[in-house]
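Labels for the chains are A, B, C, D, E and F, by order of writing; each one numbers its residues from 1.
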Amino acid sequence: MTRQTIIPFGPQHPVLPEPIQLKLVLEDKKVVGAIPSIGYIHRGLEKLAQQKDYIQSIFLIERICGICSFLHSMAYCQGIEEMMNVEVPPRANNLRIIWAEMHRIHSHLLWMGLLADSFGFESLFMEIWRCRETVLDIMEETAGGRVMLGVCTVGGVRRDIPPELIKKVLATCDELQAHFDHFIPSILNDYSVKQRTVGVGVLTKEVALERGVVGPVARASGVVMDHRVAKYGAYANFDVEPQIEQDGDCYARSKVRVRELYQSLDLVRQSVATLPEGEFNIPVKGNPDGEVISRVEQPRGEVLYYLRGNGSKFLDRMRVRTPTFANLPGLLAMIPGCELSDVPVIILSIDPCISCTER
Amino acid sequence: MITNIIPVTLDTLLSKVGEIFLQKYRLITISCTDLGEYIDVLYHFDKNYEITNLRLRLERGQEVPSISSIYFSAVIVENEIQDLFGVPVKGLVLDYGGKMMLAEASPKAPQANCPAAAPAE
Amino acid sequence: MPPAYCLMPIMFTFVRTLFRNLSRKPATRTYPFTQREPFANFRGHLTIDPAVCIYCGICAKRCPANALVVAKSPKSWTLDPYKCILCSYCVEACPKKCMTMRPEHQRKDA
Amino acid sequence: MSAFSKSPWVVHYNCNSCNGCDIELLACLTPMYDLERFGVLNVGNPKHADVLVVTGSVNHRNAPVLKNVYDQIPDPKVVVALGVCTSTGGIFAECYNVLGGIDKVIPVDVFVPGCPPRPEAMIDGFVKALGILEEKRGGKDTGSAEKPTITLFPPAVE
Amino acid sequence: MSSSPTFLQYFLTLVVVLVAPLIGGILNGFDRKITSRLQSRIGPPLLQPFYDVFKLLQKKPMVLNRIQIMYAYLHLAFMILTIVILALGQDLLMALFIHAFSTIALVIGGMSVRSPYSRIGGQRQIMQMLAYEPVLVFLVIGIYRVVGMQSGTGSFLASQAMSLGQPLLIPLPLMFVSFFIAILIKLHKSPFDVSTSHHMHQELVKGVTLEYSGPFLALIEITHFYETFLLFALIACFWGTNLLVGAVLAAVCFFGMLVVDNACARLTPVWMVRFMWTVPMAMCLCNMVWFYL
Amino acid sequence: MTPLLLSLLVVAPVVFGALAWFLPDGKARKGVVAFSAIFMIALGIFTATQGAFHYELGSWAGPASLLLEAAIMALVLGIAVKVRSWPIGIMVIFQLVVAVAEHVMAHEGAEHGVLFILDPLSTILMLTVSVVGSVIVYYAIGYMDVHAHHAPPTNAGNGRFFFILIGFLGMMNGLVLADNLRWLTIFWEATTLCSFLLIGHDGTEIARANAKRALLINTFGACGMSLASFTAATAAVGATGTLTGITTAHLIIPMAFLCLAAFTKSAQLPFQSWLLGAMVAPTPVSALLHSATMVKAGSYLVLRLAPAFAGERFMVVVAVVGAFTFAVTSALAVSQSNAKKVLAYSTIGNLGLIVACAGIGTPLAYTAALMILCFHAISKGLLFLCVGTIEQQIGSRDIEDMGGILFKLPMTTTITMIGQASMLIPPFGMLMSKWLAMEASIQHPVMLVLVVLGAALTVFFWCKWLGRIQTASFHSHYTMEKLPTAMLVSVVILAVGVVGSALAILPLFHHVFVPVAAGAFKLSPSTLAPLNDVIGFVVWPVVITIVVALALTLLTRRKITEAHVSMPFLCGENVKGTESYLFRGPMEQTTEAWAGTFYFLSIFDETRITQWSNLVAGLLLLTLLGVIKVL
């Protein structure tokens, strides 16, 4: 009786931080279908990485995505190191974890702000992003870049964190924790926020498994999966407890990430506490050869690098499967049945990063 | 280095994937490499942080069957392979027809190493 | 979902933060009116001492973004700041260490 | 400056950006940098905007979108290109699907270098754009922005 | 009762019509400034809303069709008319209807283009009306009851309140609260900013105002100034016996509105209607019951 | 003069109709129809200028009424047999029995009340019938020409159609003028019959089914009518058997039966289903019978009786039923995309509002009711005609299909917009009267809530529709559509009527409605003087505002050329070209962006709401009976 509403949602849409299009089909006010159109950010980075030498590629790979740039370079370097049988000095491993977990904090804060914005809670967004600046400052001070750290390299890290800065890192952790305590209740308890997240965009455990979602999205649906448990790098020294929720809705995804914020703070502190003295990188010689798969837990979930060297300084194949890529099919399962006003919240609840999805 | 690689052929691919599916593996992704004389396709599956790979050797011009009816999540990556390597994928549940990642004006099959792989205009 | 009015007590959880913000000075850094001392390590922009440089071209070779062009004769060193991704790789690679990554960003009118 | 350039409303379009520039732009709007001090409002759509802020280079799919967004901004308008990708393609310039800087598609008034430019640099760019906006209102043809390279020669040895 | 207005009244009305947008604009300036401070920012200058309007007026007009334009003018014209009618001491309920038509004009203007976001925004705007209009009607009727008129002859609220000898707020506390909530909707504040909003990210982009740009958007902004003025003037009238107290009341409400706006997520349109038709409506009715008992 | 006028008013249409039936399809018939329309308008206006009159028939009237009634009953019985509906049959026989019984048992005095009365109230109704009705009849000339091509071939030809249509005007006049309850019943039944035949005109399955339903429900109402007549004529005290005679609380039983009859005719809840079904009829029928005139008969009855019973507890129930109907149908209208159904629901709602106002029973409410009655007739008549035209031009009556008709049918659409605006914008009559209704219901909290909610919902669905029909892209030129003269002229007349009545609302209010209301309450108009203040000022400021806004628009509009037109915001994916609402979607396919209207089917679910509200309304009716019992 009523005609279907068909609207393009994106690529230029204020709630979408990045261009992607969903062709939304609505019946009355229910969304009945969403077909994604991607490719707005496809650059062809994998191919370019095969044309640059494997060290230059690090800088390229950081720019797969500006949000978890460090984790990309870390995953890549770990892969190359495995291929070249390089033993990374322990100090470098711990430093990597400090940066990686700070990156996770900044990424989760960024996401939380955007989520707040997607349901129109502007001041919460502002507050969270203000908090995020604290992390950016310390990253800038330790690594030399606010979002592009550029510190990871094959064989270790390019910079050490001197003792006085280490103190500052710890101080920042305390500052952050205090700040979190201020606004986290609003994300978790506020009535208006819960109205927008509880029961919205439900992904059941079965569907989550079937669609192969990863990271907080999977964990919020009750799937126990956190690659840090697999103890790569310095995670071998720490116990990481995956944060699991059962409900699979946007609220559960928030809860998972909120707990991960505290968990990351903890990991930063632990890794500072156990920071060994010594070298922070070792020179590498030769060229990579062979095939490796390197997996790292990014803020959005597991990233997979498949690297194939041929003994020259150019790789035969640099392949990356990023978390959002894996989460997209899950997203498509969440949307139908919701209302138009829930679409942004659902999209943001998977913390989409199209840049890495399309590379 | 990658250890557990199970070679499959075009004929055994689907049945093997089906088997793996029943063992509750999760599909991580599919990696495709154009090695010049042939195309190497690796299917990565995960269970409890352990990876199992299926390796498929694809001759030029061969069509690969889609596993998207078994693993829906393969849809995007298979479309991507179709776009970027010019490998036709048969039986996709949602077929973008080579226009998912690439626009009309983009270079065709840009990641294929052999120009012959690019579909004729 | 219980009806709205049952949950009134946990509404407005954010008010406390708002008043806290109101009672303090704004967090804003009033750039360009005041300028913060840059962190010493920040990779802001690239400079070179042309007198030390030997125009060997290693930096250009290493640059992942092709932002540098070094000519041997006549000797010149050209940086395209609109290509440079500020990675500092060239700085590390330079045999004469004649390049520096300055911690301030490049000013528009500079 | 008249009232005109005190109210630059912004629409942001992310072309091929790696997000680095995007999040720095967003950071500019947040309390630490607070672009709204200059009257900047992120209106999120071209129809209400005066300033088009672009991040990332253009590729074959987003080039028409960028053009469209640009066309839908009522005159007078300025374009601010943030980051090296937007200026030249940056590190991605050689990628097969990258066409290069956005000046291939639309005229650009201000380029802000950096990868990503830090918020202070972005603010500089905005301030410059405001001046251009004012000139454009006066009907002046401001031409398009330049991307000068820095070339140094060995000092003449005596 | 409502004899024809005197010359003085006409003159005062003219003054009000001229001054209203200035006050409304300043209020909006305060809105943005205080909001910024609540968010720990410095925020724009106080006169920013005027800069915005001046700028918009200087932009090149851009439309999708020509009918749109009519509705922008009607939106403004009827808003001014509402103020005129109130200032001339005419019937409140009729003023309310005319005010409603101002909003209807905006809705229809938004719906007269085929642009999907604008249309959906238009429909959400109607839902907003659906949500608050009954509350406003009850308020007006409550005022009638208090002021004790057999039929709805109206006169300027303040003078009514004065003739009553006690501020309207005393007999109408619950209605006042409902009215305050209705104001949140009227001014597109969270949690009710469903059809358009100042907040930057909205699923409907700019909703009903999306396809208005340049000078036509300026008209809508000016209307918004008028409306802000009108609503807070009405609030002040709740303490009409002493307009100074009334002004303080309005200021407190204004600040309260900003706090609520900044402390809530946007809720869904359906939630909004459901809420408005239960809680504030119930409050109105309770308040009303006092009179009938 | 009086007998002549009277017979002309009642009989002339029948004669003209018969003439139209027997003349061949073509110029001649059209001429007759057109002439009869003009004649009836003239006659109506002339009669109105003659002032009030009474007319008493001779003693033959009693037996004659019985005969006529028997004849009609026989007809209905025949139909009942044909459509195989035993309930109708039983009810008809019942009525017949009651009629005979009444004849036998009636008090002596009752026979003397064989009166036809033209008082101010009936004048208003008579004028509405003659003027609006005739314009609609005239419109039908054009409509039926086209309709014949669209509709499935029927055995009921156009001739018969016009016969009934024109003849109906006579019956309606009779109904309005009759004071004797027997005669009233006859005309009442006659209109039902007309309605039945016209609904079934197209002869489709659904048309026949709906016609049957209409007959069933209205016959049920007619039973009430018969019983009312019977009880009024045989009541122990004050029996006169006339409508105007029902003035005292003793006659509350006939009053109740009359209300029942009125509710069915005016399709109040829970009897609304027949009116919705009636929308299958050709649009002039919907306009004439099912919105502008016949359904008003019910509310007219209530109006006529209301003053005498004002303040009775019983009337409160009546009022609540009306207000409830208004609220519920407004909600239901929100969920409809079928334009005629929206109009139908809105009609029922407004009838409910009239009933509610009558139930309130204050002079103010009464005035409001009168105003709604008149203005609604004009506005709704106009809207129906517009929808009819649109339907013929675009082949759909779905509101969703009406996007863009502003370009295809600029004239019709503009007029439709006026019609719709008249339902929700000051100073148009409908809004003014709704306003009065609200002011009037201030004293009654329950009603107030219902009326306010209803009014809010009304705004909702009118806005949605209004927005839809004027959705258009930019066009630099509009060309007037070509319509049959009859359609165009009649639509324009009504549109002028709508606008004119809006401009003249003050004089109309002061000089027509207030005096009529005063008369009904047997008060002198001067006692109602405070009412004049109510509406004192608003018209001119509003008109000036609109004019200024329009003038500014025209000024600005001139400067807007193609160069200022931009593409819609489609998130940047616009496809350039002539149809600029295409966007590039997945797989590089272009799709048309389309924002459908929200109907909130899940909230305003028609079936569910209907069930519940019928239940509530049924309970209310039972309360009505209970209240009577208590008395």
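Here is the rule we use: a residue touches a chain if its C-beta (ideal position, glycine included) is under 8 Å from a C-beta of that chain, and two chains touch if they have at least 3 such contacts.
Small disclaimer: the values here were computed from a predicted structure and weren't measured.
The chains in contact with chain A and with chain C alike are D, E. Using CA-based centroids throughout, the chain positioned farthest away from chain C is F.
Across the assembly, the chain pair joined by the most C-beta contact pairs is E-F. Chain centre most remote from that of chain A: F (centre = mean of CA atoms).
Chain E and chain F, compared by their mean Cα positions, are separated by 36 Å. Inter-chain spacing, taken between the CA centroids of chain A and chain E, is 43 Å.
Measuring from the averaged C-alpha position of chain A to that of chain B gives a distance of 25 Å.
Touching two or more other chains at once are residues 566, 569-570, 572-573, 584, 586-587, 593-595, 597-598 of chain F. Counting partner chains per residue, chain A has residues 5-7, 11-15, 29, 35, 39, 42, 44, 47, 59-60, 63, 121, 123-124, 126-127, 130, 133, 148, 190, 192, 195 touching two or more of them. Multi-chain contact residues of chain D (touching two or more other chains): 13, 30-32, 34, 37, 42-47, 59, 61, 65, 68-69, 72, 74, 90-91, 94, 96-97, 115, 118.
Chain contacts in this assembly follow no simple pattern; the graph is neither a line, a ring, a star nor complete.
By the document's touch criterion, interfaces exist between A-B, A-C, A-D, A-E, A-F, B-D, B-F, C-D, C-E, D-E, D-F, E-F. Interface residues of chain E facing chain F in the complex, by the touch rule stated above, are 1-2, 4, 60-67, 69-70, 73-74, 76-78, 80-81, 84-85, 88, 90-91, 93-94, 97-98, 100-101, 104, 107-108, 110-120, 122-123, 126-127, 129-130, 133-134, 137-138, 141, 144-145, 150-153, 205, 210-211, 213, 270, 277, 285, 288-289, 292. Contact residues of chain B toward chain D in the complex are 101-107, 110.
Partner chain A is touched in their complex by these residues of chain D: 11, 13-24, 26-27, 30-32, 42-46, 56-57, 59, 61-62, 65, 68-69, 90-92, 94-98, 115-116, 118. Residues 586-588 of chain F are the ones that touch chain B when the two sit in their complex. Residues 52, 55-57, 59-60, 63, 121, 123-124, 127, 130, 133, 137, 140-145, 148, 150, 158-159, 182-183, 185-186, 189-192, 195, 198-199 of chain A touch chain C in their complex.
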